[in-house]
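All chains are identified by letter, namely A, B, C and D, in their written order; residue positions are counted from 1 within each chain.
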Amino acid sequence: MNTTQGVTVRVENCAKTFADGTRALDPVTLDVARGETLVFLGPSGCGKTTMLRIIAGLEKPDSGGRVLFNAQDVTRIPIERRNVGMVFQSYALFPNMNVAQNIAYSLALRGAGKAERDSRVAELVALTGIEGLENRNIDQLSGGQRQRVALARAVAMRPSVLLLDEPLTALDAALRERLRGELDRLLRTLGITTIYVTHDQSEAMTLGDRIVVMRKGAIAQVGSPRDIYFKPASRFVAEFIGAANIIDAVSDNGVLVLPGGRLAVDKTGHGQVAAMIRPESIGIISPEAAFLVGRVASVSFTGDRQRLVVDGASDKPLIVDASNTLAVKIGDTVGLTVAPSAIQFLQGA
Amino acid sequence: MTHKFFTRLCLVPLIAVIAAFFVLPMLRVIVVGGSGDMGLHAYAAIILEPRFRATLINTLVLASVTTALSLAIATIAGLFLQRHRFPGRALLVAMLTFPLAFPGVVVGFMIILLAGRQGLIGALSLPLAGEKWVFAYSMQGLLLGYLYFSIPRVILTIMAAIEKLDPSLEEAARALGAGPWAVHRDVILPALMPAFIASGAIAFATAMGAFGTAFTLATNINVLPMLIYTEFTLSANIAMAAALSVGLGLVAWAALALARAFSGGTVAAAG
Amino acid sequence: MTHKFFTRLCLVPLIAVIAAFFVLPMLRVIVVGGSGDMGLHAYAAIILEPRFRATLINTLVLASVTTALSLAIATIAGLFLQRHRFPGRALLVAMLTFPLAFPGVVVGFMIILLAGRQGLIGALSLPLAGEKWVFAYSMQGLLLGYLYFSIPRVILTIMAAIEKLDPSLEEAARALGAGPWAVHRDVILPALMPAFIASGAIAFATAMGAFGTAFTLATNINVLPMLIYTEFTLSANIAMAAALSVGLGLVAWAALALARAFSGGTVAAAG
Amino acid sequence: MNTTQGVTVRVENCAKTFADGTRALDPVTLDVARGETLVFLGPSGCGKTTMLRIIAGLEKPDSGGRVLFNAQDVTRIPIERRNVGMVFQSYALFPNMNVAQNIAYSLALRGAGKAERDSRVAELVALTGIEGLENRNIDQLSGGQRQRVALARAVAMRPSVLLLDEPLTALDAALRERLRGELDRLLRTLGITTIYVTHDQSEAMTLGDRIVVMRKGAIAQVGSPRDIYFKPASRFVAEFIGAANIIDAVSDNGVLVLPGGRLAVDKTGHGQVAAMIRPESIGIISPEAAFLVGRVASVSFTGDRQRLVVDGASDKPLIVDASNTLAVKIGDTVGLTVAPSAIQFLQGA
């Protein structure tokens, strides 16, 4: 069922000011490729949901803004005629219909016959792994099952674009992690152009072909998960995506001068810099062999690793993710090593 | 002294007294209903005696029509009021609650002042339509009075239910291709069904038992509470009055039980 | 055609008609109240005329006492019923809702059958206490009748509020060292305060406007709804009846507004 | 403020059968040392909350069970006289009191004067970092602030034991992680004997001196976080705590024979075994140099690492957590290496 009816989506100069004068979104221009999964990621109130609702047709952009599906202007087409599949955070399943009726609702609206509806429902329950639940009422479903029904319902009429608004947020952590993987496989199977909104960076990393990091109604960075993680454009992106040590220090001809020693970096010239180092990029070695040393202030064992806080090495305590087999305790003096390529210099705030 | 024991100790006798307070009068009415000249036939007479049956049917029809009209008007008005913010909206909503403050007998007077022989409607219709419209003491007048106190009750419940609707239900339906009619038919009205049943049952029970309004307006029409009053006071037929009370009580109680099942417990509004 | 435009188109005229339906009768009553022989002095007379003032005070006192007693009894009974599961509990709770199904006039009869000259209480007290207790037509009888329909309303609201209480609030207080009294004083009763205010205000408004019960029992005592009825029908003093209605309406509406503020919107139960 | 008034706690033969006949807890005997933080960890319905409530005095154990504080039998003492501090999942703050009144409630009940209450409140708001909120109403507080007030209130009267029932579950993931660290520092500062209930294994790992893993009303394993993680007593514990590959294979004199090759193990003799390997213990090497090879079925980049699923090496797909810098793609043939000490043999189911 490799439905390749995906379209390209172009958001052109779309801003949004609400009736009360609040500016929810600064003008944004963005292209989404056919079949791509684009994730809008950001803290609450960053404008990511407004962006999704403009693409869906639930909000109109301020004048001057346009939304194009396959280069066709759909800005003035209401959502009911845009052919978009949508999954809501609350799932918004119809409680007065059973699972099969929910899934087939869009087909029934389009006048599909019973045989066609039944065969499509059978196809979708198989695809989403909810066989046997067809005649259940919505209130008899678990959270994960509801999520799957919502997804099956959204793709039933083979939408041009699939829009998902925090579809996993209502679930508990373990289930969220499991469904994230399933959702990833499903989106790749369907091949529909997908736009996904979340505040959870692991979800964005796993699912997104590209991630749009948003902040205060504007785009902070657009890029692949690796770009965003390894080459954040700003301090905000560095800190929002995963854990980050941001060191304010003087860089002097390829060497970062720090209270606890020095670090070799890929940067010539002299000047004040903000350097970002991810906790897992810092290696722990013997202090005798190291150019940078510090003292272990805390050790927190989380199973798959140990998170250390190391004082005295940098201007502020460094977070280090070490192997779970490393023998280290509070008060130890340790040597730190970082590959020059793992040190990223940040521009601006 | 444990918590449980403490509470139990204080309360058992109190509960017994309260139970007696609630059960005794009702038992008494049931017993009296069966102990007149007709014996237990008094209960059968509610349906077999043509005069009583006509009144029962009258009352049921009036209560049903009141309920249906209240629901229809309240749903449309509730949807409108809940979706639109316009100047004067708060005032309009507050106004809708005014009728709740008046006893039925005052509502009756209002109808007389409006549609009686000296009424506003008559004064307006005479020059306009060439005749004086007077219907305060007719079935229409009674219905108008009943609507006057039913609609606000129903509207408040329905507005609260609309407010609790997940707005993404409507958005989801639209995304799936549903236009305005389909959204209302398939999603919004079904989602409001519990509120319709709960508030409709209350309106029905209230209309069944409304005495004040009936007393001021129902000089030509007989409704159950009036009949009970007449049998008790004027005909001194206490047994029949009691039997009729039991009958009325059963119907109203069933309606309220239905309302309670659909609203979760705090429903309590007969007249 | 957009959704918004669609809804607006259908509903604007309807809303106008409904508004007129609600406003006109009320305006008419207010105008009539000020257009009798006394003019606007009719409104002042509610307080200045000793007979009217006495009735107003009577009614307020009766409604207040009803409210206070209902709250006290309902709280104790509600706490007990909500905390204990015992055989017959469901039946007891269902029984508590029976009085809601009876119109006020039937409640009045129940009190007469219980405490009237042929009443059960008199028949029991004669051999036991040596005298026949008859108090149906007194203030006590009226109070008993009012309690009969007030307590169930209050109890249902309070039981619902108790059910919604987070049980860990009580456990937290106990962990901090609070014994049974302290738990109730510091945690449970304060947490029930909104329910007390909401259900108390409803009980008050209902008692203020109760006509049916008063009509059957209040032959010697005057309460406001009875006074309005007498002025209108027997004295044909329509202006005074209207002025009194407006006064009663204002008091009851204020009580209901208070209840609504504390319960979130669906409160609607005068008599 | 190092209050060392902690007591030892002994739970002796405590079982719990509810009135309807449900067995919530099998007989449990357990000792908690003075000042120790013991975490009950398990899925919902495992009996961990019942255990806590028995220690608190909110439930009575079945007859024969005893609870001892400092060797003194408190089984029949009601909770209000046990002097236990308790923090609930819902926080259970009193909405009719402000922050300071909530914190001082236990002191007021004990008849403490205003000066004493004020000074203790000042001490506790400083300790929990909620200075300036003393006069706030509860509904004006954020989730994290409520959590801190609940904690301050629970320790105000210097309880013998501090009992926490999922105190972080109501918070969102980011805040939960931050407060976990704070809570850890606070518990170590207070030095009170602490019993902590959670379903979140990271919380248990970070906070617990010892962890009691529970399942279906019985203890599955008691041990330090490292014991539980590296030496799970059963398949259930292995799978509940972190991610685990459990390989059913034949062990033949120090070698595990697998479809994709073999693995050296610390185990002599011959026989069918269940061997557990944590995903981060598997190294990726060149297939030429490896004794065990497989094919990459999926790669999921999560920022700080890549989670691979490798087919063909074992009886079922292997989960491997690899470095985020490793260049690997779906379809690659990879070599796998595991240190013999990282392979744990499981008993029973």
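As a working rule, a contact is a pair of C-beta atoms (placed from the backbone, for glycine too) under 8 Å apart; a residue touches a chain by one contact, two chains touch by 3 or more.
No experiment lies behind these values; they were computed from the predicted model shown.
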| item | value |
| --- | --- |
| Distance from subunit D to subunit A - Cα centre to Cα centre, in angstrom | 28 |
| Geometric centre distance via CA averages, subunit C-subunit B, whole Å | 16 |
| Whole-Å separation of chain centres (CA-atom averages), subunit B against subunit D | 56 |
| Whole-Å gap between the CA centroids of subunit A and subunit B | 54 |
| Multi-chain contact residues (two or more partners), subunit D | 78 |
| Residues of subunit C engaged with two or more neighbouring chains | 3 |
| Category of the chain touch graph - line, ring, star, complete, other | ring |
| Every chain pair meeting the contact rule | A-B, A-D, B-C, C-D |
| Touching residues (chain side subunit A, partner subunit B) in the complex | 56, 58, 78-81, 83-86, 88-90, 92-97, 105-106, 109-110, 153-154, 157, 163 |
| Residue numbers on subunit C that touch subunit B, as the complex places them | 1, 3, 6-8, 10-11, 14-15, 18-19, 21-26, 28-29, 32, 73, 76-77, 79-81, 83-84, 92, 94-106, 109-111, 113-114, 120, 147-148, 151-153, 156-157, 159-160, 163, 180, 183, 205, 209-212, 215-216, 225, 228-229, 232-233, 238, 241-242, 245, 248-253, 256-257, 260, 264-271 |
| Residue numbers on subunit C that touch subunit D, as the complex places them | 166, 168-169, 171-179, 182, 186-187, 190-191, 193 |
| Footprint of subunit D on subunit A - complex, ascending | 173, 181, 184, 200-202, 205-206, 225-226, 229, 241-243, 278-280, 300-305, 321, 323-325, 342 |
